[in-house]
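One structure, as structure tokens, below. Some questions next.
Chain lettering (A, B, C and D) follows the sequence in which the chains are written, and residue indices restart at 1 in each chain.
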Amino acid sequence: MMAAEVDDYRDMLRIRLIEEELLKCVQDGRVIGSAHLCIGQEAIPVGACRALKSDDPVVATYRGHGWALAKGVPPVQFIGEVMGRDSTLNGGRGGSAYLSSPDHAFMGENSIVGGGLPMTLGLAMAHQRRATGLIPAVSIGDGAMNQGNVHESLNMGSVLGIPFIVIVENNGYAEMTPSTDLTATPAAVRAAAYAIEAIEVDGNSASAVAEATRRARELAISTQRPVMVEAHTRRLGGHYSGDAQAYRPKGELEEWGRLDPLTRARSLLDPTVAEATYQQVVAEVADAFARAAQLPAPLEEEAMKHVYAN
Amino acid sequence: MMAAEVDDYRDMLRIRLIEEELLKCVQDGRVIGSAHLCIGQEAIPVGACRALKSDDPVVATYRGHGWALAKGVPPVQFIGEVMGRDSTLNGGRGGSAYLSSPDHAFMGENSIVGGGLPMTLGLAMAHQRRATGLIPAVSIGDGAMNQGNVHESLNMGSVLGIPFIVIVENNGYAEMTPSTDLTATPAAVRAAAYAIEAIEVDGNSASAVAEATRRARELAISTQRPVMVEAHTRRLGGHYSGDAQAYRPKGELEEWGRLDPLTRARSLLDPTVAEATYQQVVAEVADAFARAAQLPAPLEEEAMKHVYAN
Amino acid sequence: MSTPTDAEAITYIRAINLALDDALAADDSVIVFGEDVGIPNGPFGASKGLRAAYGDRVFDTPISESAMIGAALGSSMAGLRPVVEVMYADFLLVAMDQIVNQVANTRYVSRGRLTAPMVIRTQQGSTPGSCAQHSQSLEALFAHIPGLRVAVPSTPQDAYSVLRGAISSDDPVMVFESRRLYPSKGHVRRDADARIGVADVVRQGSAVTVVTWGTSRPLCEEAVDSLALQGYECELIDLRWISPWDTETVLASAARTGRLVVVHEAVRNAGFGAEVVSTVAESLGGQLQACRRVGTLASPIPSSPVLSAQLLPSVDTITRAILDTIGEK
Amino acid sequence: MSTPTDAEAITYIRAINLALDDALAADDSVIVFGEDVGIPNGPFGASKGLRAAYGDRVFDTPISESAMIGAALGSSMAGLRPVVEVMYADFLLVAMDQIVNQVANTRYVSRGRLTAPMVIRTQQGSTPGSCAQHSQSLEALFAHIPGLRVAVPSTPQDAYSVLRGAISSDDPVMVFESRRLYPSKGHVRRDADARIGVADVVRQGSAVTVVTWGTSRPLCEEAVDSLALQGYECELIDLRWISPWDTETVLASAARTGRLVVVHEAVRNAGFGAEVVSTVAESLGGQLQACRRVGTLASPIPSSPVLSAQLLPSVDTITRAILDTIGEK
């Protein structure tokens, strides 16, 4: 048990430290553009990927750094991709918000709200037909529940009997508007409209998310339908790197900060182990950034390649 | 009470006889193209429009002849429009599947499945803001519940507090596929996903539909939200005029035919009154077709008018 | 299913059916789906008999075009070769995000690591009485999107060959069929050239180059044939594919004739005809002595055939455009 | 809110804000809505202060673009003048059916009895680091659709005037703003000409006609100004509107120069530049001695600026295209 808790802490911390450094990179120009960070939500990808098979395909959103890393994408290449380098992921084509790494069954981020749901249905359709035993999972935000494509995919998955897992990361906001202003009912309530199972879980506990995802995976297999996991969490940063968060009620960040999944994960550990782990990840991340910075710039003459097969 | 029952029978019969003649028109070339008939579903528009205020805007689907007539669109002009004549409705621009008559608060048919829902939300938004006291209503098929725009509109109407009525005509089929093969849960169950009220009703009884619509209208006003009416009915003809219906299970049409709302409506009447009404409507419809056939063809030089304001 | 002999003329829709059948037989990874595509045999009969022959590789879906396109995308990313039918091109618009923002980007953004070898079949164009929401010709919207391939076949042979080529392609292909031409007949050779992007030179001539595709081809044939009787020899080219398109054949022809007419049923304004004219104008400069585009006038399509006839291209408007270019010096 | 004096230069985004403010003040039937438009003041600040000033006439919506466009359509049919913001043009694609199949048909099919006096505001184009799903320039798709009006303003003055003109228009208008130009400054006269479809002749010259719009205008100005130093006097025309567009001004200019370059950030292939070139070629025939289009190469836009710079139009590619046409005889 202790080992799992150390792993959770380490994997969440890696995501946190990489993202904190990426935020600095955006600010000082090492990353061109913006980034949507998952600070405060790390327990969800870490917990879920613990329960998924390593080959289970995963689709995420623009807020997908945690998912890429939790699927095992190497930090150096991941950071290089966000920095617009010639990484082994997408060579700078994807960037922070639209990167993928099929080698790690990370089928990609998606910068269209809800846009990854239909493709996940399709991935699941193929894996079911090919009997690979793999169950695709897709992460979306709470605000995405109001996009038509999410609705269509959940119904179609249900009636055609296609098993996949939808993880709704309910982080309290859609951009700058509180989720509850936008969505008539919570995601888990909507599952009934599709005759699919839903599991609600504390999204700030990696072990709880892992357990929920494990159950969801089993249910997907036994019901041969989509299964929903609604993970309750809090976005501890801005919607994106440049967000001044003026819309936040006073004191909210302090209050939410007390629920920080990293603090909680660390509190479960022996302090010496925790500190050693911390130092190890700090060093690992520093090294990854140093090495990512060495990756070459994309080759200009490659810009037009891969639009078509040939 | 008797008077209402006669009215129901007369109004449903008018729709039925007009559509039966239109089907012949399609077959003999008086109507160019196809038509989607509501034979077997007449009680829904007749009942609903009885309960709506005459100025309440109504939006329908391609299967909207009954709605247009129930809103009071004059049969001669209606038939002329379907025949592609220079009718006062749309001068042949709308035709069977996309006609409108704002003078009768009939805001139009729609040939995109579910496509009328978002505009109904908008109509309701304007009427609410302008405090007209009118409540828009939209009719869709059961199959339309799986379109993204329907989902988006119901959620948005709910969270923004916009009152309108959605009447789902559950007629057992979406084109040639049984509805139950396509939709994970019945429409009324889905209402819960939007935190709106739903009323199920026997769609083959005009008085029951009127009562349900009256309640729905009151609920829309009191909750200031969308309200759903799911009307159970049976499509007694093909999906469209050219549909050979090979997909129908043997005996289904006979069985469903026994539920024909017109037979039922007639059975509630004194036979003499019923027969007199029948003869009256037969004559009225024959006259309408004769007069519609006299309407001039659209003027060729008008073809490019009204694309823009000027 | 019984298969036609090469000598037998078959309809356009039957050619589609045959192509689907042959593709399903040839490759286990092919699946075919859409609304009423499975058990009801397809709204226009394109999948007739296929459910019976191939079981659940041919299936029905809810009326959810976004999810349908996504289902094709995801399954193609994971090793299948889906062919999804969208009943009318007008309905592509409810799934436009999936086509443009998802399907088209797959290969490029992943640097070729993810691919989407899928086909979207649809049909388009106006038929008498069809309303504004069931009449549009929308190929230009998709030709503008890098990452997509777009075909607009007009004969049974091309319907067959284009579809086979599309299904074999490793790129996502959109096939715009013609509902109006579904009943038209022709001979189909199953071993005909199925290369992507190759035009068909339908008539040879030196007076003017006429370029067309899809539903407009028969109108052009009629116009060109009657002009031939008057002594004007027009070169008629059916592009078949507009992404990629056969610039070489068109440029060579236009260089010879110095005159160009492009005809399509899509709205003329900002239609793909503009791309053809511009490409030729850029290449030939002042050597392009005259050019015209014929397309639907800038209006939604009214249901009444009396009105729609005023808007759609006709043998007459095509003939006049051709004569116009010949008259000009 | 404090309003700028006419002498004060303001940013493009502030000009939009001012136009919305003035429209809300002038006409009670104007409402403004979209994602994060109300309480958060707009994702880019276009609606800053408007919620505070106009209460619930300015409001937030769920992330449901189809329902948003429909809400605008329906409310415009029933007497309001809605202005709906779609955050990025790329997201128009999830609502394409509502725009093309619903909004655009309203007036025509009802023979003018129903109208849709609504405005869809969006912004588009690539900025460094923006991904393929947040970089597209999509105006050509909408210019092809009869019933829609399309504007692509590039200066603070035009942003103001176009938006006021759009809100007053009885037709549905799509305004494609430029995110990249939001911080650029200029003087805004609130009583400037807001007529729809009128181009701006930015520079006069006789060597070549350069036509542009939107984000590409500043690049064209730079190219044209540096060519002027070399003795080539180019006529630079900013269309501002592409539906309707000022064919008269462009044709008159091209007739004088005999040379045409069209520049836009949208993908070159099947972009609206093709319509401009074709219209001129049809009109001038062999008198159009040379023409070129400059646009984004046929590729999705990669996130890395190193790569996207290879694809997007630049002062350099524009300059070369202009010199090319001058070099040709």
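Worth a mention:
Just so we're on the same page, a contact is a pair of C-beta atoms (placed from the backbone, for glycine too) under 8 Å apart; a residue touches a chain by one contact, two chains touch by 3 or more.
This structure is a prediction, so every number in the text was calculated from the model and none was measured.
Separation of subunit B from subunit C in touch steps, taking the shortest path, is 1.
Centres computed as Cα averages put subunit A at a distance of 45 Å from subunit B. Remark: subunit C and subunit D have CA centroids separated by 30 Å (rounded to whole angstrom).
Subunit A and subunit C, compared by their mean Cα positions, are separated by 40 Å. Within subunit D, residues 61-62, 64, 66, 90-91, 94, 97, 101, 105, 108-109, 131-133, 146-147, 298-300, 302 each touch two or more of the remaining chains.
Within subunit A, residues 91, 93-94, 98, 110, 112, 115, 146-149, 152, 155-156, 159, 181-183, 307 each touch two or more of the remaining chains. If the chains shown are joined wherever they touch, the resulting network links each chain directly to all the rest. Against subunit A, in their complex, subunit D makes its touches with residues 35-36, 39-40, 43, 60-64, 66, 90-91, 94, 127-134, 297-300, 302-311. On the subunit A side of its complex with subunit B, the touching residues are 146-149, 151-152, 154-156, 158-159, 181-185, 189-190, 192-196.
Residues of subunit B that touch subunit C in their complex: 31-34, 62, 84-85, 91-98, 110-115, 143-144, 146-149, 174-177, 181-183, 246-247, 297-298, 300-304, 307. Only residues 66, 90-91, 93-94, 96-97, 100-101, 104-105, 108-109, 131-133, 136, 140-141, 143-147, 243, 266-267, 269-275, 277-278, 281-282, 285-293, 298-300, 302, 328-329 of subunit C touch subunit D when the two sit together in their complex. Of all the residues in subunit B, the ones that touch subunit D in their complex are 57, 90-91, 93-94, 98, 100, 102-103, 107-108, 110, 112, 115, 117-127, 129-130, 136, 148-149, 152-153, 155-156, 159-160, 305-309.
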